[in-house]
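Here is the structure we will look at.
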Amino acid sequence: MSEPAPTPAKNDDLLVAMSVRKEFGGLLAVNDLDFAIPQRAIVSLIGPNGAGKTTFFNMLTGLYKPTAGAVIFDGHDVTGKPPHTITKAGIGRTFQNIRLFPQMTALENVLVGMHSRLKGGILGSIFGTPRVRREEREASEKARELLSFAGLRRVDHELAESLSYGDQRRLEVARALATEPKLLLLDEPTAGMNPQETVAFLDFVSKLREQRTIAILLIEHDMKVVMGVSERVTVLDYGEKIAEGTPHEIQHDERVIEAYLGKAATG
Amino acid sequence: MALIGLTTGAVYALVALGYTLVYGILQLINFAHGDVFALSGLFATTMIGGAVFGLTDTSTTLGVVGGLAATFVIAAVFGAAVNSSIEFVAYRRLRSAPRLAVLITAVGMSFIVQNISLAIYDVNARSIPPLISGSSVFNISGVVYTWDAFFVVLVTAPVLVLLTWLVKSTRQGKAMRATSQDPEAAAIMGINVNRTISFTFALAGALAGIGATLYLVEFNIRYDTGFTLGLIAFTAAVLGGIGNLTGAVLGAILIGMIQAFNEGLSWNAPGTAWTKSIVFGILIAILVFRPEGLLGERTPEGA
Amino acid sequence: MASSGRRARASVRGYRQRAVRASRLSRVAEAWGTLPERTRSLTPVVIVVALAVTYPFYVDSVPTNIPVIKTVPPLHDAVTILVFVMMGVGLNIVVGYAGLLDLGYVAFYAIGAYTAGWLASGQFEQVKVHFGAVGIPSSATGIHISIWLVLLIAAVVTAVGGILIGLPTLRLRGDYLAIVTLGFGEIIPQFVRNGDELHGFDLTHGTFGISPIDPPGFGHTLNSAIGLPVRYDESFPPTPDRLFFWTILALILLTLFCSMRLRDSRLGRAWIAIREDETAAGAMGIPLMRTKTWAYAGGAFFGGIAGAYIATFNSGAFPTQFDFNISVFLLCMVILGGMGSLWGVVVAGTILAWLNFDGLGNIGSWINTTLLPSSHQIDVPKYSFGIYGIIIVLMMLFRPTGLIPERRRKREIEEATHGGPLDQPLYEMRGADEPGAGERGEPGKIPRG
């Protein structure tokens, strides 16, 4: 099989990562990766454990600084910028191991997501100026809408730590949506879910795509999810891209099968 | 001045090693470490002074050597016992707790230990009679080398050698290093993590006990001596690179020299009243500009 | 035979009486439950505030031989106690809301006190600046600005100090942050102690401190207009202490008000998010350094006011007041009360401050006179810091959310509806992130969604 054709970076791609590289001391986690996400696309990133998927995610969101390479988002260079700047630019995310704010309610978790879109400052908050009060009211309404959208309206005053696992996953998405992202990064969102929950989540993601003009990048292990919802799939192994294409193409790509199952499987 | 610098430097080294050993394995600053030092020192004064060994400046040389040697050992055991009990009582239960909680507990333990010292030994400073004479051992081209300076080296050098051997070559040492790198992997490899951690604390405590006895040769100790001394020793550990044993010693020597310089040269340096500020200034500067210290490695950033 | 019958009747009667009492109580409880939420939550506040405001009127009539505690603090001590409670509320913003382990809060206290010393005393005898000071002869040298203004200036100066201290400090990780704040908590008092000879200039008057410091007051014009006192310290006794007492009460209420408002604001949510999970907070768009700095500045602001106020109350600022122990003492208030819990820090703070200034002495002498033989007397106040240490460790091991946890009301609601998470050891709760976790540990909980 020939090398996967590099994704032609079109000018109107939402996100373009060029030759992105991450080294941890002697360990090379991501090796000169080129990656692009078109506007309003749903793409998936898959690969065996340790392939560098979450590391790549973390570089896109500013948690790690790339050792080399560049990330251009929505026309702006966001390489190595701190997380809050990147979030403000329009990338939102969930975490592989759920990272909600345990002692805050579901509603408050979502409100935190809106931090960069609100303006209320210290004095306004202390004095309770009409402008801040209105902003807070509107924010709460919007947050409740998001919670309804995620099917969490009935638990909006429950502490995040006491929600069921499935609810927590969806709350994380609601919170990420509150940051008003143009690109949503979902890191293994269906991990630990049973088949019913997974199907429900799939519907949720489709609903999401229909109602909002956002692009979604998914890291997933559950192939049903990947195949069911992605327009394009990229496969990573040992920090490198080994295949990219439609779900159907990937399913039949020898290199992919080899990566997952070992050389013996391709015989 | 040189003697004081040497003694304090050596003592800082021993205490700094204690901090760095514990930090290496648990990523915890054992705030109570300095107070363990003080308590061990106070305990040592009762050993040497009154009822137990009854050493005075008129005791025989053999008596002095024997008594002191025994005290070093006893103080080491005492320090080891105190430090590992602290770990067992307070830190062990909080192994999976958020860092903030363990840190706060460490602060609380520091105060408890200090108060135990206060309760048993009261507010007065205690010291031991001058057992090591200031007479010269030998005289090399005008530089006098006195017995008490020699004594400091005599005690510290073998301890450092023993420690290095322990960490590098013994099984316990390997267990310590493995656990500090990755506790879960170490557990899978069959290392008893709890026992290793206790051992580390005991080792650190023993070093504190030896350091305290050494300190008594030149200075006196009070229930709260550990606070300042502990912070200075901690700065030394950070200066050298926290987690790095050689660094701890190096940092201690540097800090000892800086302090001696500051306090000895009253005509040009700020003086004793400013020592704490200078040491803290150094600590802040290191943490801001070179947090890995002189010999440490840059840790990879990440969540 | 007859006696057993009498006894049986008596016990039945007793039973009936208890039953009636119980039903009356439950009726009261029911009625209480029907009051609107707002009234229910405000009532304890109103009661406490009323008790506090009227304290000067009944403090002297409290008996002085109550077992164990002997008596309540006299008004003069009560002022000091309240100043420290205010500092506790200030520290709560830094430690309780934002989760930053600040071990050097005493630095803010010192900056506030010395700002008052500089702006309201004869310290700077080289100049003569008068602005709104009361009761100072116009010939007096030094800077004499109205205390009310000084409080505000001290707050701002301390907040700026906090921001400056925060610049190198707040980018550090938990342990190092703690040690560095401790460092500043040591450097500033050391600076103050030695600040009488900075190349010949006497900035802080060294170990003697700055004294006297002008008293607060409202001056003659306001006095003739609406009867406010001219100078606090020259009012007829017992009013001086009363005036100081009511003023500090007002200051505390102001601090609590601001704290509450901040807690429910965008900034407060950001702080708590940082406390809960700093990485996630950053990923949600919260600028970490800036937000932490605001927490620090906020805590410093109120610490500065408290410091300046106690300086004018004591008519002096002395280096011996500032000690690492105080920072830990304040930390103990926040831990005991519950990180982030305003009720908690006020209640715990009042108890601890009272213990520190009066209580341990009282308890000690009670123990010594009633429990111990005269040959084995113990000096309880000497071990005060050991006691605070024990409190801290015990709380961390067994009840890390504090006496009055921040989320008590929400938890109570939860517990009522489905056997809340309080049954679980607190520290294992953070594990709901393992794949396949399913429903996490609440007994009897019906799986949902």
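Just so it is clear, A, B and C label the chains in written order, and each chain counts residues from 1 on its own.
By our rule, contacts are C-beta pairs under 8 Å (C-beta built on N, C-alpha and C of every residue); 3 or more make two chains touch, one makes a residue touch a chain.
Everything numeric here is computed off the predicted structure, so don't read it as measured data.
Distances between chain centres, each the mean of the C-alpha atoms, put A farthest from subunit C. For the criterion of most C-beta pairs in contact, the winning chain pair is A-C. Chain geometry summary: the mean Cα position of subunit A and that of subunit B are 48 Å apart.
One finds 35 Å separating the Cα centroids of subunit B and subunit C. Rounded to whole angstrom units, the spacing between the C-alpha centres of subunit A and subunit C is 42.
Listed for subunit C are residues 279, 430, each touching two or more other chains. Across the assembly, subunit A contributes residues 63 that each touch 2 or more other chains. Under the contact definition stated at the top, the residues of subunit B that touch 2 or more other chains are 303.
Taken in their complex, subunit C has these residues touching subunit A: 257-258, 261-262, 264-270, 272-273, 276-277, 279-288, 294, 298, 406-407, 410-411, 413-414, 420-421, 429-430, 432-440, 442, 447-449. Interface of subunit A with subunit C (complex): residues 61-63, 82-84, 87-88, 93, 95, 97-105, 108, 111-113, 115-118, 120-122, 125-126, 128, 132, 136, 151, 157-159, 161-162, 164-168, 170, 175-176, 178-179, 188, 191-192, 197, 200. Residues of subunit B that touch subunit C in their complex: 27-29, 90, 93-94, 96-105, 107-112, 114-116, 118-119, 227, 231, 234, 273-274, 276-277, 280-281, 283-284, 287-288, 291, 303. Looking at the complex, you find that subunit C touches subunit B at residues 99, 101, 103, 168-169, 171-172, 174-176, 178-180, 182-184, 186-187, 190-191, 193-194, 279, 324, 328, 331-332, 335, 382-383, 385-393, 396-397, 400, 427-428, 430.
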